[in-house]
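Beneath this line is the structure, given in structure tokens, with notes to follow.
Labels run A, B, C, D and E following the written order; every chain starts at residue 1.
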Amino acid sequence: MFELLGITPQGLVAQLLVGLINGSFYAILSLGLAIIFGLLNIINFSHGAQYTMGAFVAWIGLTQISQWLGFPELTMNYWFALILVPLIMAGFGLILERTMLRRLYHLDHLYGLLLTFGLALIIEGLFRDWYGISGESYPAPELLQGAIPLEAIGIILPKYRIWVVVISMLVCFSTWFVIERTKLGAYLRAGTENPKLLQAFGVNVPLMISLAYAYGVGLAGFAGVLAAPIFQVNPLMGSNLIIIVFAVVVIGGMGSIMGAILTGLGLGLIEGLTKVFYPEASSVVIFVIMAIVLLLRPAGLFGREK
Amino acid sequence: MSGLALEIQNLESWYGESHILHGVNFAVKEGELVTLLGRNGAGRSTILKTILGLTSKRAGSIKVLGNETIHLPSYQIARLGVGYCPEERGIFASLSTEENLLLLPEIAPGGMGLDDIYAMFPNLYERRHSPGTRLSGGEQQMLAMARILRTGAKLLLLDEITEGLAPVIVQKLGEVVAGLRDRGFTIVLVEQNFRFAAPLADRHYVVEHGRVVEVVNRSELADKATLLNEYLGV
Amino acid sequence: QSSPKVSNDVVKIGVLTDLSGTYSDLAGPGSVIAAKMAIADFSKDGTVLGKRIELVSADHQNKADIAANKAREWYDKDNVDVIVDLVSTNTALAVMEVAEQKNKITLVSGAGSTAITNEKCTPVNVHWAYDTYGLANGTAKAVVKQGKKNWYFITADYAFGASLESAASNVVTAGGGKVLGVSKAPFPNNDFSSYLLKAQASGADVVALANAGQDTINSVKQASEFGINKKQTVVPLLMFISDVHSLGLPTAQGMLMTEGFYWDRDEKTRAWSRRFFEQHKRMPTMVHAAVYSSVMNYLKTVQATGTDDTAVVMQKLKATPIDDGLFKGKIRADGKFSHEMFLLEVKKPSDAKSPWDYYYIRDVIPAADSSIPLAMSKCKLVKN
Amino acid sequence: MNKSTKLLYGILLLIAVLLPLQDFIYLVFAMKLLCFALFACAFNLLLGFTGLLSFGHAAFFGSAAYITAYFCKEMGASPEIGILLGVLGSAVLGLLIGALAIRRQGIYFAMVTLALSQMIYFLAVQLPYTGGEDGIQGVPRGALFGLIDLSNDVHMYYFVLAVFVFGFAIIMRTVYSPFGQILKAIRENEPRAISLGYDVDRFKLICFVISATLSGLAGSTKSLVFQLATLTDVHWHMSGEVVLMTLLGGMGTIFGPVVGAGIVVSLQNYLANIGSWSTIATGFIFVICVLAFRRGVVGEISAFFKIKH
Amino acid sequence: MLQDTILKTIGLGKSFKGFAAVSDVNLEVARGSIHALIGPNGAGKTTCFNLLTKFLEPTSGQILFNGLDITKERPAQIARRGVIRSFQISAVFPHLTVLENVRVALQQSLGTEFYFWKPQNSLLTLDDRALELLDEVGLSHFAGEEAISLAYGQKRALEIATTLAMDPELMLLDEPTQGMGHEDVERVTELIDRVAKGRTVLMVEHNMKVVSSIAHRITVLQRGSVLAEGSYYEVSSNPLVVEAYMGSHGESL
């Protein structure tokens, strides 16, 4: 049987699938970041914390609310969470945008980055204080529990992970379609450059910006719900991820929606392969790629030149 | 008898701390073309920006087609039927020329079609897929003008539209503006180029230090030539 | 009047721990509570030799520099006599270094590296709860004995992970077992699925996790997701009851591990743990118990020697066997508190009768097996 | 610089010199503050006066700390040699990272520096010389020029103070120099500066290297004060912290970063005991600073008194 | 007239993704002259400037300055050789004072730009010259203000002062009078005429009044290539130019 550095072809396929799963998370998160950056000119450092928050809200809905209220029937199961949590998070984003971010648009990128960095610390700190560090478990929904044995390649894959790949692709590509293939996209891009002027042309830019931020945060929340059954729901789950996702957005190129999605998936794969063949480097591989890309193609793989 | 398209009373305006307009008054009837003349820094561009709420603070009264707009956000003012061609052109770099053209929402029926526009500015047709800010200075100027013609806005605020254009184009633009006036558009023109403006306008307002200091009707041009010369050095 | 010699007229105990980070559940605020309980249990009015006993606590955030600075400040400025807990190895080593310079005492409970009493040992330190040698030795020996001889390691790629792995793999090979493969996972890490798939494909009997904290929790969780715990035995080499608690029994069931303390072992531990639970709302980990024990025995020694002088207290501590109801054993010359450990198996959810009823005690590991034999020690205090 | 500013600096220096006479303020704390103040000032030279936001300055601070610690501990180097080597190391690293990073602007610049410093971090985790998780501990302070025993806190304090004043003076001079004037122009309008014949990249690079070198000086000194070098020094949190100090104190002001460093270091000291609330408090400070206090403490004060920097 | 040539381009060309913005331009600028580059919008004038100052890389051709091939040099290098440009869209240093704006350019002459150890006071010697230049463009009483607070036309004037401060051998002015009031236009025209003594000016300008009054020689570009060249009289009577640029009834001048 043919083997590559001790990995069977079956093993390789399995590993690629695993990489794709991580890639899906990168894709959803970097998509949200790209939208927010694209429109608000803000590097949403609290994206990771908002992802964490999504997971926590789902967990709270599942296990805590019924206790608070004393109605055991009142739980938000996974399927409801998948819809409700992004909405709740979007609402949260809306509030942040209206009360804080709004004041920063005319300023340098730096301030948005710092504000959201501060928000990230607050959100994480609060969850840390309330629920401790080791985190809580969130069971996968019954329908998706268990694993599918892929006899052909001799491994078993958890059903839930397959679901994650499918649903996140769906969300990513429909988002892409709306933004790039409709007039909305042109507004978004123009609004990024000169919101005041666009407004003077009759576009309700403030609303558009609020909604875009809300949507980005909603996506982070959505990713949080998806992640809850895979990773422990813990206050730091997002901060570990956020720098990598930044790198993904930069590699893909700011301002390109498709770039964010494809790069997310691609880097998930590459990182997965590195874990197999040279795990010691898996934590740097994305940064190395980023440095190379920036030197060769400063605007990123899919970015538009300035 | 046409009503007032624009009526401005005691308009004041600020950029941050600096107070630029100190009580501007004038009114434009529907279908009229007026110009704002003045030296550099007199505050003409600021008047247009203030009408659209683009300065940091404003006070007084601005009625657009009879609606008080002083407390409205920019986009609602625009939707009353105001088209604005800014001094710095404001072409969007991340959009292609054609996207720039198509970007502005139609705020009223009766805008020009894309074909008419391309016929008017063939340069734009040729460069339609090029990123907006890669156009030459003059081409950007044409684009900025062209895109508001699509929207159906009836009150046009045009800031130095002949700036940086070749004489042929200036000439053509003169014809375009005259045509627009004849089709019933109301136009406020900020111009440096008095020769361009003089034959077009029904009335000229001279702006100095953030106030309207003189009104010159078309009929009075000859009489007030020395006065104008004093104000503008024409 | 010959009053007892107590420096600065106060006996000050500093709990330096991880109050907010990864280890704050297994040590953290619980350690502060344990130390307070010890003081209260020792003396109703909070005095020893007629002098006040004071407690201070601080968060070292698992960073050596913060820990060292705090320790320096406490010893220099705040008259702290002894620092207890110290959760991560790097903080423990850093504070031990400062303590040795300042001739003050450290009683380490949270950290687990063997270096603490081996190559980096100091004369003013006791390592109270456990070390990686004891854990790996205890678990690995027992598992190999059960006939599970083919091992696959998933190792956190830093010094601590490597030392856990090597301790365990030595035992495995010594017991006639085989190490089929190792995946070095970057530290810290969220997603272990690649390594788990490799472990799965290797066909090993045992998938051993040479990592700690969040990494362990995530790897266990994902192992159960991939169904690895169905065909292979998952063995976390370092795991605390707080981890099992957050994983939940359905995920954790069946795992084998070693700890130095289990609350439900006997009457005494149960009684103490219930009191602890009342204050903390969680059952104690072995670190909490060790902090209690270390503070209690320190105070007893001060009482017994009539002074808080470092050398005197240390000498007496090492000379006296300990049996305080929580731990039983003796402090060796190198500073290792050598006591019994327990091989534990996580219960099935259906077998748990009450909350926190998590373990079967499968074996008691004698004190002698819980520490590196003195003959092999590289500690400067041990003459070989 | 006007008279009153000079007077202020004079008074501050006097206070600093007299500090060891009291024991209300712990000397090691004062030393820490000075090290971080120097670090923040060095960072501010880049951010505040060139407009380049580096999110990877920990790389210079940390690697200098490691180099100094390594040579002093393992090779028995004297403190001045140790520091010199550390500073050299950070200068070279600054040159390498800078040469890569300055090719990009704005947010990309921040990202490239973040990425490259992340690589330095992973090197620090994995290289055999750095002690991995444990870092290099128990670094001897040694005797300065073989004469002055630095293990004495008072001696060490004066040494650190001297280092700080030296570094601060360099920064001040740089800002108010012909070179500094061009830096400002570049920040304002790069193409115009090019068209006036200035090699913009060289200016940026020189500034980057100066900033990296002085950050290294701060790191090296710090490793002697605390006698250790650890991963904290190279972690991106450190890079974030220095941004906070600068922002809080007032970026683009000369003295702001010193104040910012003072506040952050004290806060860390006093909030350390309340666990996760220290994170939350830090977060709040960030938020408030950005929303209401953008010019930073010194910036607000000097705006209030209309002092021109 | 037998003057030597200060700037010469041979077959200069630039295309953007297949679109030839400039093609095969052979330009000769005589030393000491004011040479105007005119042409319809999008003819490639600014692009030409960008090529000459290397803000863009030519696709083909050569640039000779004082007989020296500078095609391969970097922008800053070219500037130091004495070829200084202004920008079509105004370019000042917004948060420096008006005086400092000019001084930044003057600093080039001191050769201390990399001296980060020298005090700033060493620059005070330049202030007199800076004020003189500001006076020439009528901005001396704004000297202490930040450039951002100037009106558009004033910014343009400042830009010219800054360009002059470099004491350039060859000045490239991209629409120097754009956006100025009539008085200013006249003043600037006069200014250019004055400062052109002893140096060479190549300018793009749409204002025919300016061109006709000061330009010695005019090159007309159209669609990237040279359509006509000559004195104002020659050019303005060329029917091709009239049709492509000046317009049928021209501006009566």
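Convention: a residue touches a chain if its C-beta (ideal position, glycine included) is under 8 Å from a C-beta of that chain, and two chains touch if they have at least 3 such contacts.
Please read all numbers here as calculations on a predicted model, not as lab measurements.
Student: Where the centre means the average of the CA atoms, what chain is farthest from chain B?
Tutor: C
Student: Could you tell me which chain lies farthest from chain E when each chain's centre is the average position of its Cα atoms?
Tutor: C
Student: With chain centres taken as the means of their Cα atoms, state the distance from chain A to chain B in Å.
Tutor: Measuring from centre to centre gives 45 Å for this pair.
Student: Between chain B and chain C, what is the separation of their C-alpha centroids in Å?
Tutor: Distance between chain centres, rounded to whole Å: 77 Å.
Student: Express in whole angstrom the distance between the two chain centres, defined as the mean CA positions of chain C and chain D.
Tutor: Those two chain centres are 37 Å apart.
Student: If you average the CA atoms of chain A and of chain E, how many Å lie between those two points?
Tutor: Each chain's C-alpha centroid was found; their separation is 50 Å.
Student: Identify all positions of chain C at which a residue touches two or more other chains, and write them in rising order.
Tutor: Expected reply: 20, 24, 157.
Student: Residues of chain B touching 2+ other chains?
Tutor: Residues of chain B never touch two or more of the other chains.
Student: Quick check: what residues of chain D touch more than one other chain, meaning two or more?
Tutor: Within chain D, the residues that touch at least two other chains are 126, 275-276, 279.
Student: Touching pairs of chains, which are they?
Tutor: A-B, A-C, A-D, B-E, C-D, D-E
Student: Which residues of chain C touch chain D in the complex?
Tutor: Residue positions touching the partner: 19-20, 24, 28-29, 57-59, 61, 63-66, 68-70, 72-73, 76-77, 88-90, 93-94, 97, 157-160, 187.
Student: Can you check the complex and tell me which residues of chain C touch chain A?
Tutor: Per the touch definition, chain C meets chain A at residues 20-26, 157, 183-186, 188-191, 193-195, 197-198, 200-201, 213-214, 217-218, 221-222, 225-227, 242-243, 245-248, 250-251.
Student: Taking the complex as given, what residues does chain E use to touch chain B?
Tutor: Counting only chain E, the residues touching chain B are 16, 19, 38-47, 88-89, 149-154, 175, 178-184, 186, 206, 208, 244-251.
Student: Please give the residue numbers of chain B that touch chain A in the complex, ascending.
Tutor: Those in contact with chain A are residues 52-54, 73-75, 77-79, 84, 86, 90, 92-95, 99, 102-105, 107, 148, 151.
Student: Provide the residue numbers of chain A that touch chain B in the complex, in ascending order.
Tutor: Interface residues on chain A, with respect to chain B: 186-187, 189-190, 192-194, 196-206, 255, 304, 306.
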